[in-house]
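Each of the next two complexes has chain A plus one other chain: chain B in the first, chain C in the second.
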Partner chain A sequence: MPPKKQLSRRQLNSPFANLIEAMVEAKSKEDEMTGFTPLWEVFVQPKGALAHKHCGSVHAADAEQALQAARDVYARREEVRSIWVVPSAQIIASEPEAAGMLFDPASDKIYRHPSFYDIPDDIENM
Partner chain B sequence: MYAQGLIGADTASGETAEFLAAFQARIDANEKIEPREAMPEGYRRTLIRQIGQHAHSEIVGMLPEGNWITRAPSLRRKAALLAKVQDEGGHGLYLYAAAETLGISREQMTQDLLSGKAKYSSIFNYPTLSWADIGAIGWLVDGAAIMNQIPLCRCSYGPYARAMIRICKEESFHQRQGYEIMLTLAAGSAEQKDMAQDALNRWWWPSLMMFGPPDSDSQNSDQSMAWKIKRFSNDELRQKFVDATVPQADRLGLSVPDDQLVWNEAKNGGAGGYDFGPIDWSEFWSVVKGDGPMNRQRIAARQKAWDDGAWVREAALAHAAKKAAQPQAAE
Partner chain C sequence: MASAEDIFCGLLRLADDHLILGQRVSEWSGHAPQLEEDLALSNIALDLIGSARALYQLAGETEGKGRDEDQLAFLRDERAYHNLLLAEYPNTDFAHTILRQFYFSSFQQLYWQAALESTLPELAAIAAKSLKEVAYHHRHAADWVIRLGDGTELSHQRMLAAEANLAPYLGEMFEKDALAGRLADAAILPDPAELQAAFAADRANILTRASLPVADIESRLSGGRSGRHTEAMGHLLAELQYMQHRFPGQQW
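Let's look at the complex of A and B:
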């Protein structure tokens, strides 16, 4: 039994390794024009301590090249503090059809907003 | 930077009337459509074609200007031109990424460009003969593109609108650097001023053609407007461009090569605007169909870039596969 840390690394890496392997395999079967380089989603953190925000995607063979491409494509005007790249195939997204089920329950819970509560005007600092 | 009025679109849809009406209601409510949501096939195909043409235009558009990087007259001009051409490459990549969200691969789009199936803006099939052409392109071609692109920031398809916002933010420098080149030449020696005038003469009409065929010939425009892919007609945008640009030419002391150009008080609902001469649409269609002065060279250059890059793409994939296959023990 390998140490726990190593196991979790392997779990993290193996789907990606399989993905690349599958892509290379698919590529060797296709003619040259249709061989393809994996897609990565790019998230940039602007200067000023804002959260990382999705800004687009790049194609790259591996993580290092994805970061380099993201730098060239999405950070040409020094407005960026940090970049994340994530293999697009690893993004788990909610289905558009599920939007109502997932998000509508929030819309009738106005008591979650501060303005729901009546406080006299002469109460300060609240 | 280089949106052109869409050349050819396919807006036929096979969906039920209920589905189309529900989709139209979302558009009419100014909702943005996002990648995996249900959409009519005609909407998807029109966007793939338009965003693809736009992306190809950015990439092919690097060629005529790249031609002058090594011969820029000063370090300042060279740094600016290099940055501008790099921006065009970046804009092409934003747009390819937006098109890919609709289910077409980058490789397929590249193949469609190289085979001639996909079009790109007709303007890039003209040669850049002198340094003044770099000024004229920034001023006129980027100016026309900005006119076209600002409304696209409000396009109903989310990823396209977001890419356009990013592009428009970066675009203004392109036009200003071009106009500055024109200002410098126009204020220079007689020979330099002649160069500037010659560039204006050659780029004026092709720039007007960038807005695409006249509304009377643009059958697919109505559906694109209803879907809010397009916000203004080709002729409306062309008129805006002429009205904005003629005073800029006057300020340079250059003359627009159109002897029918005249101020018309009654135009634009009484605000006034320029009447201008007829555009040679036979030239436009011949360029779009592949017989412009530079079509063959442009595609040959893209083909060469694709072929010469093949070993790099293969080596990068092989390297990634090898690294992924290595045992993790080393880390």
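Let's look at the complex of A and C:
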């Protein structure tokens, strides 16, 4: 059992203190090295795009540093308008085993696609 | 009255600060403590070298002897470089690197802000472009200074050591010799002495938040502006100039 990690004062004062503590606790059990720097998922909104898109992840001690790391790693070349970072531990994902139940029933319902309609020319983003 | 040679020499000082610090920071590429910081430091190094290029181009045009940015950057002897000693200070460890970056960025942010009013329009344009870059360098470095100074016992000790080692170099940034005086009088370059109070306030704010002591700004070590460098400079130039010495006139 590795020793319990001490959070820095700055991490403890952050509004995400409980979350960071939980992530560090979980992570330090499996990885001594990155225990202090939890994982964050990065979402980038390119210029001219409507939605943020997941583009990868960064390690960072807290939210502010995660945002800077995301900027340095994922906004180097692209024209970016905005970045979101989300604690990876906060992502709630569907179970891979449930994929059949969740997604397969959609595959034979072709009428759910809008391909049987004429789309007016002035409708964008379909 | 500032002559064309004065302007050339003033631009060279500024360009050398950016090139030499950019070279230093780029030494972290592939060696930083984590991938995220590796890219952050490489981005900063590239910004600094980009500013140096623009300044060398302008200096070369001002000089009018046909020297281009590569000749100015790579083909001078050590005594002909006029950068701050702070810029050539070895990386040492991450604490020294990040505190050095905070000091330079804090100074340079004030400098570029003042240079927006330069009577040399090309310089005002470089200032406007560099200002956005240096604002991010400042934010990134100051954030780390607070984080490490107010972090663990080990990170605090390392920041204390960095502060003690770098403090003697700070005064050089604000030295106003005859050349700096002529350029300031002609409103071509900002008056460095006038930036000291704002720098001191910014430094005191960040160091206090980092639980680090705020020593006075001293001028114990200087000489870079007149080409007198520390031992570290020769080693830095050996690496920086290697390709141009080995393959003269080589281009990418």
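One rule holds in what follows: the second predicted complex is superposed on the first by the 79 of 126 C-alpha atoms of A that agree within 3 Å, B and C clash if a C-alpha of one lies under 4 Å from a C-alpha of the other, contacts with A are read in each partner's own complex, and residues count from 1 in each chain.
Just so it is clear, a residue touches a chain if its C-beta (ideal position, glycine included) is under 8 Å from a C-beta of that chain, and two chains touch if they have at least 3 such contacts.
If you're wondering where the values come from, they're calculated on a predicted model, not measured in any experiment.
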Exercise. Now for A:Thr37: first (chain B), second (chain C), both, or neither, which partner does it touch?
Worked result: both
Exercise. A:Ile91 contacts which: chain B (first), chain C (second), both, neither?
Worked result: neither
Exercise. So, does A:Gln68 touch the first partner chain B, the second partner chain C, both, or neither?
Worked result: second
For this session: Classify the contacts of A:Gly56 with the two partner chains as first (chain B alone), second (chain C alone), both, or neither.
Result: first
For this session: May I ask you to decide whether A:Arg76 touches chain B, chain C, both, or neither, giving the answer as first, second, both or neither?
Result: both
Seminar exercise, completed: The chain contacting more residues of chain A, comparing chain B with chain C, is B
For this session: Report, in rising order, the residues of chain A that make contact with chain B in one complex and with chain C in the other.
Result: 6, 9-10, 37, 58-61, 65, 72-73, 76
Seminar exercise, completed: chain C partner, complex, touching residues on chain A are 6, 8-10, 37, 58-61, 64-65, 68-69, 71-73, 76
Problem set entry | Residues of chain B touching chain A in the complex | 34, 36-38, 83, 86-87, 90, 93-94, 97-98, 100, 105-108, 110-111, 162-163, 166, 170, 310, 313-314, 316-321, 323-325, 328-329, 331
Seminar exercise, completed: chain A residues touching chain B in their complex are 6, 9-10, 13, 16-17, 20-21, 23-24, 27, 32-37, 39, 55-62, 65, 72-74, 76-77, 93, 95-96
Exercise. Which part of chain C faces chain A closely enough to touch in the complex?
Worked result: 34-37, 39-40, 43, 136, 139-140, 143, 146-147, 150-152
